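Naming follows writing order (A, B, C, D, E, F, G and H), and every chain is counted from residue 1.
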């Protein structure tokens, strides 16, 4: 594993059998009841299905190519709201959702609530405010995190997507928009990095579960 | 002369006495009852005041350095809403307003209604919707035109400003955000180009005043 | 619909049957007598033809993949001049034209009048000046809107195209040229965004049709 | 008001007396026992001192120009580790620290532990791991968040700084480095945006204090 | 001399007395009857005046800081048309003119004929066509070389200028526009490089004077 | 027609039969004894061969896809040196050569003389110096025009190529290198624009053939 | 050969039979006992195998497409450590290794020691420190050379790779990170340029073998 | 301390007395007989002179602001050639030279040998070839390292400088040119980073002095 998170495989650039082999090894090692492979292409998904179908529960994100083998141990049922601007952002939002699941947390998708139709997000405010943090996924001008950031009082993790054309420059426009957000409490991950956003969100949930390390708070 | 518009002087890079001389010549030529000089620095403003105070009405935009000498002939009293996100965008908004005035139209400023506090723009919807077009001025992530574009049914002219720091890259971030706006009907001018946005807005007003060239509409 | 304009589908990234289904739903909902889908690829066009041929009028832009199903209600017969520099810009100009049609307005193409042969645009000045606004489509150096802006006294909506190679950087060069236009009254949309330019143009026409909201003008 | 957060003033571009006036108004309104003004220049700091010295407790960050007037109500004593790479990053780190203080939380600076001398960060691991999140401030190649992210199991908020020259391109290099961090759980704010990083960190602390909204957790 | 052209000094970054000393040495060496120093600031101009006034003819470009000491030997009286778009481009055009003079050729300025007012260039076509090549100087969108290139049948040397603001990005916009010119025969030099454009133009004139090296042409 | 030059077709983006049809029309119109089509792909080349083989002389550049139909009238036999750095630049150099031919001039290729082996260019100095101008084609760092510019006393037209990888950024690196050339008299065209460089070179040759317009020179 | 190193072929853009022919010619010329071809695609590798299998020793890098024909004469057995961050960087690292071999030096790969898991590089410090220089290959944020540079006291040659997505911008992010390294003694080559890094490393080894040219050191 | 190298101070952004204090502490600590402070401005240089004049040998680089206090222990007298293109590069070359001195090695400047006058570098080939490595300093198009790399058989360390204007983009053009060098064995440091280039060069010299770690070479 590249960066030390043993249970996660970044499939891009690996051969199908390599992905399967790493997944098997990780499951056998037993440090986690499930394994997540992100960015699998069709051949890699097929290889994973062939290797694990009937032996292990397997869940595949059809849009984003994330694959979970095994069943994550649930750590919390607090919803992690995943807010998306438009249809085209669903691919990245799915990577967020499957990563949350694999880490034992509850993804809660709130789709198609882009800023050019404010009534949509306004109509779902209670759901957006139900979590300890919010993940916001948007392409094009990347304005949604600013709007969400102004509506909630928890950390907003913004994921720019490469959705768009022309001057969207492969997600650069959305990325810059999010970095310059005038709403406080918005932090940003790489373009299309649904995995990273979910990982950060789950770390926040874990901190909440632990109850803080504050001595005055009576905890570790 | 700013590319052939006889009544407007782009003062940047001209000597104070040159600005005054051009203004005098334009007024004498008499094709327009007033002259507008944009981007005047302190010395240029002082020279203009010295040359025209007591002789001609003179109005100075303290933030943006636009100077109107003479009185524009009023063409219309329909308000042109000029919506700004934050305090720092007022400089550019002032250039929009003074240009509208110099061209004979009514600027109508709606300030400090940035997207991180939606109640602010929501509370002023009637005013935003009162015009035949809307000028929206915003820096940083440039999200306001998308929100406004979703709330009105008239053309939105977006002006990115160089307000911001770091990854705002001198207004590039706002510019890209506006070009990628997911709201239909948003068009964009150069960074900080309040003059150009106002000019385009006034051309729309003029088209409305003319009543169209549509034969079926009974006009020219 | 992402941005609240119910009658328009952005087909890129959707499955053919999804595009058809959305179109059917929009038509059934009946808020508009026609529906427009932009950026359809061959498979999406085929699916639309199969679904609607014989049942509904259907018009397909062969170059740009825009599809109109149903017949728009005509709102005005004032021509909207669509000026293009060269052959390669015709694809984007077609998206402008079909969008105008779908919104009930009259596209009026004026093709192949690029600035390196000025007699071409000069020979068609009357046509260029016949509208309440002009849409100008150009790639490479994007100089045409400046020239047109100097020749007409109505708003110019400039569409940079990704036509070109090398230092055209996918339309960036044309985009920057248009943003820096020295002609007043030029506003700009995203690279290749024929839809957006047409939408803005039609909003101007609508404002003209409404006759303004100016109390002194006896309206709105 | 910085996008609706009543207690924080972004001083850049405001006149000294304007900053003072806003601060006074905010304090009188009484919604918060203290007010924070960031990015004050010398004249603004002087005006604040003159206005408040002897009347209110006042704390000034000499490097970053942040000013706290009044005393924040302490919300938690859990340390928020603020890790910096080199001397030149102290300016931004100070903005992080003062913002934490103004929001009622405990900044805990860990300075001069850049990645070219790993023993430095290794020698202070216990301190780095003592919080519910970590803020990492670094310029130049922006490598420190990746190293810290690999050493801790809490969210890492990375602040790129404009420290450097040549190909650092005003912080762009550090920003890109952090966005591409191979350590999971790293999120990023704008270049030099110490305020934003601190705000996000304090929101995490607040979530921890609230104990989560998880029904199974017996809360919210 | 950096690049082997002994008679030209690039003054930027040199001390006043260094510029004078190099000029004296070049004149004494006697390989050329005059010397050109470009980009002199006020102090350098003053030093040159003090050193040479009364001893040598001296001509100073007040806008661009080019200084000619001595008298160039005239090589040709064919005019080299130097076409500029607007007032702000005069600085660079002056560098073109003085370099032509220093090399023994005839600059012929044609000013203020930008593309947003085509009648201006149209009214001076004979003059534009009088040379063996044309130098075109323009900032902002850099459209003028395309228009000129379409009107003449000789090489067009385009000089982008850093005139403009916002998305002109210090001349980048004009540079890209010129590189993408749809007119054939346009070549481009660096932003603000009036010296280089003039040098290339004079080399063309020299080739014409030599009458070609074509044996069938009866020459060298 | 490529911006008004009737005899040249820019094939990119046209259908094979369209290219053939335009070529036929141009030949029939008879203003020129030959026609040039650049950037033809395999299908377009095949269509041209099928249409003209046996009827007209036809010459095809296998690397660059330029096609000449008919025989150009020779205007001059002075060689136009076309200097290339490496094998990969031959494609663009071929476009230069065929364009020169189609315009009636003599291309003279001098290949594989890149700057990392100076003896190669040094060994061919006489050939490099034999023309009235030189075209230099180079990718990667684009250093060859500076070296050639220092060795010859005629105009150097530099063509950056998209040859390279990584930080060559599709020819941007070579382009910037050439624009910053420290050799005087170097002018630059767009990346991979062999056509434009040849066109400019031939215009210089034409000026030489005409013998100048200088009255003192006894001509034009 | 473009750059004068007769024994190395850059296969990209050459036909398979051309690569074979150049290799044969170089081997026959006999200046070196082996030849290296980099960046061979599948067809080129196949042609090389067919031409040389059974006649000459042939070694193929399966990931990077480098091919060595013949056997290099060993110049030194000092290991050249090649440190890589993650699996995806192995392709470039292989080009480094095969180039070292072809030049007669000993590659020593140290893989999968990225900075997000410091124990990995810490556990192999002796190996990293065993050479006269170190080559470090990394993509994404490019942080590894800074860490290695702080751990060794020999020159570090950093190779950014195009591994990553989104804001990695094809290796730009890693490149900038390495250029801004805060560790002294780090120099950088082009993105993915394993060949160039190996070549520089071997030149250092050669200098060491020669024992310096320092007279006081008693050598050449 | 500049990233852990105790004997070197990076003065930029430090107060004069801070630079003096660090220098004194380093000298007292005694780990090195001298200390180097780079990038001192006038006030810092003055403070250093006042603190050390008469007490310690002190050498000041007037152009680059590097200051050496104390006397370095000579490690080698092999010259390290420092090749510069033009006058304006002398500032950075001076930083290279003083850093070499402070580290105990012999700088050997070879100035004003830019590529537009090849005879200059050709006339000094013996000197360029006298070292175990070469440092090449150049701005504008950054072509010199490619030429030098083709002439020597030792590592070339290239330093791009920010010398130039317009499309030199603060040294970016030179940086890209050097990264794309077609000469093998060229490695690159940050723009204007004379210190880093010298440090890498001295590490090569140290490796040579140590005689390698190759067992077969009879050493460590």
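In this text, a residue touches a chain if its C-beta (ideal position, glycine included) is under 8 Å from a C-beta of that chain, and two chains touch if they have at least 3 such contacts.
Here the structure is a predicted model, which is why all the values come from computation and not from measurement.
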Where subunit B and subunit D overlap in contact partners, by chain label: A
Copy-to-copy rotation for subunit C and subunit F - C-alpha atoms, rounded to a multiple of 5°: 90
Centre distance in Å when subunit C and subunit D are each reduced to the mean of their C-alpha atoms: 47
Whole-Å gap between the CA centroids of subunit F and subunit H: 42
Averaged-CA centre spacing for the pair subunit H and subunit E, given as whole angstrom: 37
Distance from subunit H to subunit G - Cα centre to Cα centre, in angstrom: 25
Junction residues of subunit F, two or more chains touched: 3-4, 85-86, 114, 116-117, 150, 166-168, 172, 175, 179-180, 182-184, 190-191
Full enumeration of touching chain pairs: A-B, A-C, A-D, A-G, B-C, B-D, B-E, C-E, C-F, D-G, D-H, E-F, E-H, F-G, F-H, G-H
Subunit H residues touching subunit F - in the complex, by the definition given at the top: 85-86, 114-118, 122, 140-143, 146-147, 149-151, 164, 166-169, 172-174, 176-184
Residues of subunit F that touch subunit E when the two form their complex: 2-5, 8, 76-78, 130-133, 150, 153-155, 157, 175, 179-180, 182-191, 195-197, 199-200, 203-217
Partner subunit G, residues of subunit F touching it in the complex: 85-88, 112, 114, 116-117, 163, 165-168
Touching residues (chain side subunit F, partner subunit C) in the complex: 3-4, 12-14, 160, 162, 170-172, 175, 190-193
